[in-house]
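Heads up, the next two complexes both have subunit A, just with different partners, subunit B and then subunit C.
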Partner chain A sequence: MRRPRLTDRLSPFQRFYLLAMAAFILGPFLPLIIQSLAFRWAWPDLLPSEWWLEQRERSIGPLAWDYVFSPYSRVLEATVNTVIIGAAATILCLAICLPAARVLARERFRGKSAVEFFLSLPLILPEAAIGITLLMVFIGLGLAGSYAGIIIAHLIPTIPYMVRTLTAVYQGLGTEFEEQAMVLGASRLQVFLRVTLPMLMPGVVAGALFTFLVSTNIFLLTFLLGQGRIITLPTLLFSKVSGGTIDASAAGITVIATLPGIVLLLLTERFIRQKAFDGY
Partner chain B sequence: MSSPIPPPNSAPRLFQPAQAAGRRPALGLALTLTPIAFVLVLLFGGAMLLAVLQSLGFAPWFGVNTFPSLTYFKALWASQFFWISVGLTLYYATASTMIALVLAIPLALALTKAFPGRGLYDYIYKLPLMIPYLVGIALAVLMLGNGGILSRLAAYVGLIDDPGQFPAILKTHYGWGIITVYVWKQTPFMTLAIYAVLLGVDRNTEEAAAVLGASPRAIFFRVTLPQILPGIVSSSLICFAFNMGAFEAPLILGGGFPDTLPVIAWRYFNDADYTLQLQGMAAVVSMGIISGVLLFAYLAAYRRYEMMIGRV
Partner chain C sequence: MTKVHLSGVRKSFGSFTAIEHLELTIESGEFVVLLGPSGCGKTTMLRMIAGLEEPSAGSILLDGADVSNTPVQERNVGMVFQRAALFPHMTVEKNILFGLSVRGRPRGEMREKLEEMLEIVQLHDFRHRFPAQLSGGQMQRVAIARTLITEPSVLMMDEPLAGLDTKLRATMRRFIRDVQKRLRLTTIFVTHDQAEAMELADRIAVIFDGRLAQYAPPDLLYKRPSCMAVADFMGVSNIFPGTLVAKNRVESAFGQLRVDEQPRCPLGATVSLMLRAEAIDLHEHKEDTRFQAIEGRIVERDFLGASVVYTLECGATRIAVSEPSRRLLDVGRTVWLDIAPESVWLLSH
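And now, the complex of A and B:
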C-alpha cells in the first residue's frame, strides 16, 4: 500500500506537530488521574498537597476511589447497563443490516435511492431532534424508560454505519463462491453459514465493534429515553459533571468511563487495523 | 423489476442460481428490507413526521389541535433571543468544525510518513474517538476552568495571583470550552477520514508537481487539497451536523441564556407547562430545517466544484 518516496520522511515541523497533537490529546488525562487520587488539591498548587492514600487510613467515610468502587456510586450498575445495551444494540443492528446490506450491494430495485437517502438521514439530523421526537413517540408507546426503548433508539445512529460497512464488504465479495456451493447442493442456510458469513467476517467484526463503540458513547438518547430510570456510564458521568466542577470521585468516574473506549481501541486496532474505518 | 448488477472483476457465469444474483421476487426483497424499514421509516420517519405535525399545532392528546397553524413557529421566530440562539448554535458548530479541519489535514498528511512509534501514534490519536463527549467535557473543566490546570500554570509563572484573574474560558458565549471539546473529539475523526482518502490517491502526482517546479504551497493547494477534498467534505459534513444537535457540551460549558437550539428545545420539552412542548417541537423542526438547508447547500456547492474540475 505504501510506496517509498522522496518525501517519505517527517519534516521538523511535522515532528513537532505530531508531538503537539499527542500532548493536546493525551495531556489532559494527567491532571484527571491526579485529581482522582487527590485528597486536597487547592489552587494554585500544581500537585495535590494531600493524597487519597494518605487520608485513607484516617477517614471514616469512603473517599474518591473507595466511593467509585462502592455500590453508592452506581458505577457497576452503569457499566453493566452500558455493556448490555451496547451488546443488544449490536446484535440487533447486525441482524437488521445483514439482509439489507446484501440487497443494497447486489440488487437494483425501484426506491433504492429512497432507501439510501433514509439511511443517511440519522447522520445528518441533529441528535437532539431525533431524541426529543423519539421520546414523544416512545412515551405514547410505553417504551420510555425501558431497556427496549433505549436499545431501539441506539439502532438509529448505528444503522447507517453498519449498513455502509457491510454493503462495502458485500460489494467486494462477488457471488461465485455462493453459486458454487449451491451447485454442489448446499441449502440456502448452509450457504449463508458456511460460505457467506465466513467471507463477511471482517466486515461483521468491524461493523459490530463500531456499533458497540457508538452505542457505549451515546449520551443524549439514553438520557432522554431512559427517563432517569436506566443509567449508563455516559449518563452517570453527566450527573457528576453537569455541575461544572470535577471533584476526586467525578474524576474517578471519568477515568472509568474512559476504559471501555481504550479496550475497544485495542480491539479495533488489533483485529481490523485501518480497514474498518475506511470510507467514514 | 430487479436486475442483476455484474460484480466487478467477475468471470462470465455459466450458471446463475435464481437466489444468488438478484432474480428474487419483489416480495422477498420487501421482506428482507422490512426490519430496517421498520426502524428507519416507521419509527424514525414517523417520529420526524409527528414532530412536524406537532410543531404545526397537532397535539390532540393535550387537547390542542389547531393544525395547520404557524402560531408556534411565529411565537418562536418573533423572539430576538431565538435568533441569538441560532447564531450561537451556528457559531459553535462552524468554528469547531473549521478548527478541527485545519488541525486534521496536517495530521493526516504527517501520518502518511514512516516514523518511529507510528504504530503507537495510531492508538494515541484515535483515543478521543473512542470515548464519550462527557469525558472531554470533564477534561475541559479540569484544564480550562478558573481553578483549572491552565490557571494554575499561569499562577506558577506569575501571570496571575488569584483564580478570579484567570480569563473566563468556560461558561461564556464565546464558547471556547465547547469548541475545544468538539475539536478535541472530532480532529481524530476527520484525520481518519482524510487519511483513508490519502491512502487511496496517487501521491506520485505531488512528486510530479515538485519535479515540475511547483512550490510546497502550490503543491498543497493545487494538488493535495483537491485530492483529499472528498474526505474533507464528508467528515466536516458529519461533524457539523453533529455539532448543530449536540446537547451536553453547550449545557455544561456554555454561557447560559440564551442557550443553543438543542438546549432550548429540551428546556421547552421539560417545562411543566406541557403546551410549551409544541413550542419545543417548533424549535426542533427549525433546527432540522436550518441544519438541513446548510448541509444541502454545502453538498450542492461541492457537487458543482466536482463537476467544474470534471471529476464527476
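And now, the complex of A and C:
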C-alpha cells in the first residue's frame, strides 16, 4: 500500500495556494451569510447598515432567520421533501444500476454499444425536454404532482452517472471472489451481501453520494412534475428569488439548501476513511 | 476421502473445444497433479469438477454419484484459486471462517475449528490482519485454511504456488504434501511445472490440448513416457532416431545398441531412442564398462552444483550425460559411455 508522504510543514507557497483555493470556493458564501443576517444592505456599503437583530423587536412579522424557521417559510416541509426524494431516488437508482453495471462490465452481447449510448442520452438531452415529455406522460398516468412522479424523474439524469461509476468498479472486481465464495458454500444472496457489495462499497458510496447531491439540486424537473403541490429546497428558493431581489430570508433558505449535501459529505467521509478499506 | 471420476467429459466454448472426451479417475485419498502447458485446459477441468463450469458432454462422479446437476454450493469440494482470492475486506480470521459462517454453524464450533486451522497453517500471529498486509506465501496458506475448514470431499488447487519465489515454493510444497497426507484428502493439484508435479504427485495426468496424454506415477512418467510430446515436456535430453533390427537390438547413430525386449514394436519399425542423461555412465577406461561401450569426446561441461552435465560428441551425434559432481572431467577428454539395456526407452511412431 502506497501512502501519501507525511511532511511536517508545507512550504509558504503551498500554504498560500491552499488558502487561495479555499477562498475561491468558500468566498461567495460569505456575502450570502452576511445577507442572511442583514436588514438593510445597500450598494456600495461593505457591510449592512442595519442588522436583523437590531430590527427584530420592532418588526411585526418574523424577519430573516426568524422567518426561515417559522412555518410561513415552508422550509421544514421543503427540507423533508428534498431528503426523502433524494434518498428514495438514490436507493432506487442503486437497485436499478447494480445489475445493469454487472452485465455491462462482465458480459459481451449484441447491441451492447447501443445500450451504452441510450444510457448516456439523458446527459445530452436538455432537462426541459425531459421534464416536459415526462409531464405529458405522467399527467396521463396520474403521477404528476406525486412523490413517485418526482422520484422517477430524478432517476433519469442520475442513472447515467451511477451506471458508469458502478460499471467501473465492477470491471475492477474479478469474478474469482464471487466464485470462491460460492465454492465455499455461499448462496447467491450471501455472495452478494458478504462479498460483492462490500467489495463494491467505494463505488457504491461514491455513486450514491453523487446521486443524492444531484437529486437535491434538481430544480426544473421537480418544478414541472411537482405542479406546485410538492416543494423542495430548490423550488422553494426559486419562488423566493423570482421577484428579483434577494432578501435576508432568501439568503437564509439558500444556506439551508447547502446543508443536506454538506451533512452527507461529512457522514460518508468518515465511512470511507474506515479501517475496513485498508485493503484497497 | 472421495473418489472422483470424470467420464467422457467434453467442454466447448462456442466452436472451440477446450476438453475432448476425458476419462480420468482419482482414487480416494490420492494426490493427483494435472500437468500441462498453459492453455491446455487444466483450469477448465477444475472448474467443471467444482461446478463453476458445466460439461458440454459426459458426467462428473463423486464417489459414484453423478453431480453434474448439483449446484456449486452443494458439491462440498474445495478449490484454492490461482491468486488466493482472499476477500480483501475481511481479516484472516473472517476469511478462514467464511465457509462455516455462511453455513450458519454455531459459534463454539467455529472457534474450535478456527484454532485448529490456524494451528495447521501456522498463522496465529496474523489472525487479525487484512490480506493486503500478508506475504504471498501467507495468503496461500490462508486460502488453503479457508478451504480445509469446510472439510471438502476433494481439495483442488490451481497453480497455487505460481507467484512465489523458488525457496518459498519448496517450503509450500512440503507444507501442502504434509497437510494432504495428514488429512488423507483426495487432492487435485494443477501446475505447468514438471518438477513440482513429480515432487508432489502420487500420479500425474499429463494434458496436451485438452487431451489426456499419459496418466502415471512420476517415476514411470519420467522413465517411460508414452509419446514424444510427454518425453519432451518431462525434459528428456537425448532422443535419437533408430530402427529395431531384432527383438532386443536397435540400429542407431551409435551403431547397434542392446535394449530390453520390445514386445510392443514390430521388427524393422522406426523408433525413437530415449536415453536419460543420468542413466549413462562415463568411464575413463574401456575395460571398466559393463554393458556396451561407446567412445565419446567431452565438448562442453556445465557445472550445476550437485551435478555436472557433459555434452559429448560420439561421431556425428551429440549426447548429454549428467553425473554427480564428485569428480570433474576436463573438456577435450575422450571417455567411454556405458549404456545399460534397461535404461534405453523406445518410443514407436
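What we mean here is this: the second predicted complex is superposed on the first by the 235 of 280 C-alpha atoms of A that agree within 3 Å, B and C clash if a C-alpha of one lies under 4 Å from a C-alpha of the other, contacts with A are read in each partner's own complex, and residues count from 1 in each chain.
We adopt the following convention: a residue touches a chain if its C-beta (ideal position, glycine included) is under 8 Å from a C-beta of that chain, and two chains touch if they have at least 3 such contacts.
Computed from a predicted structure; not experimentally measured.
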Touching partner for A:Pro71 - first (subunit B), second (subunit C), both, neither: neither
Touch count on subunit A, higher of subunit B and subunit C: B
Contacts of A:Val183 with subunit B and subunit C, given as first, second, both or neither: both
Subunit B versus subunit C as contact partner of A:Val195, first or second or both or neither: second
Touching partner for A:Gly228 - first (subunit B), second (subunit C), both, neither: neither
Shared subunit A contacts, counted only where both subunit B and subunit C touch the same residue: 1, 174, 176, 179, 182-183, 277-280
Of all residues in subunit A, those that touch subunit C in their complex: 1, 174, 176-177, 179-187, 190, 194-195, 198-199, 201, 276-280
Subunit A contact footprint on subunit B (complex, rising order): 1-5, 7-11, 13, 15-17, 19-22, 24, 26, 29, 32-33, 35-37, 39-41, 43-48, 50-51, 54, 61, 103, 106-107, 109-110, 112-115, 121-128, 130-135, 137-143, 145, 147-149, 151-153, 155-156, 163, 170-171, 184, 187-189, 192-193, 195-196, 199, 203-204, 206-207, 210, 234-235, 237-238, 241-242, 244-248, 251-253, 261-262, 265-266, 269, 277, 280-281, 284-285, 287-288, 291-292, 295
Complex contacts: residues of subunit C adjacent to subunit A: 50-52, 72-73, 76-79, 81-83, 85, 87-89, 98-99, 102-103, 130-133, 146-147, 150
Complex contacts: residues of subunit A adjacent to subunit B: 1-3, 5-10, 14-15, 17-18, 21-22, 24-29, 31-32, 35, 43-46, 95-97, 99-100, 102-103, 106-110, 115, 118-119, 121-137, 140, 152, 155-156, 159, 163, 171, 173-176, 178-179, 182-183, 188, 213, 216-217, 219-220, 224, 233-234, 237-238, 240-242, 244-246, 250-251, 254, 257-258, 260-262, 264-266, 269, 274, 277-280
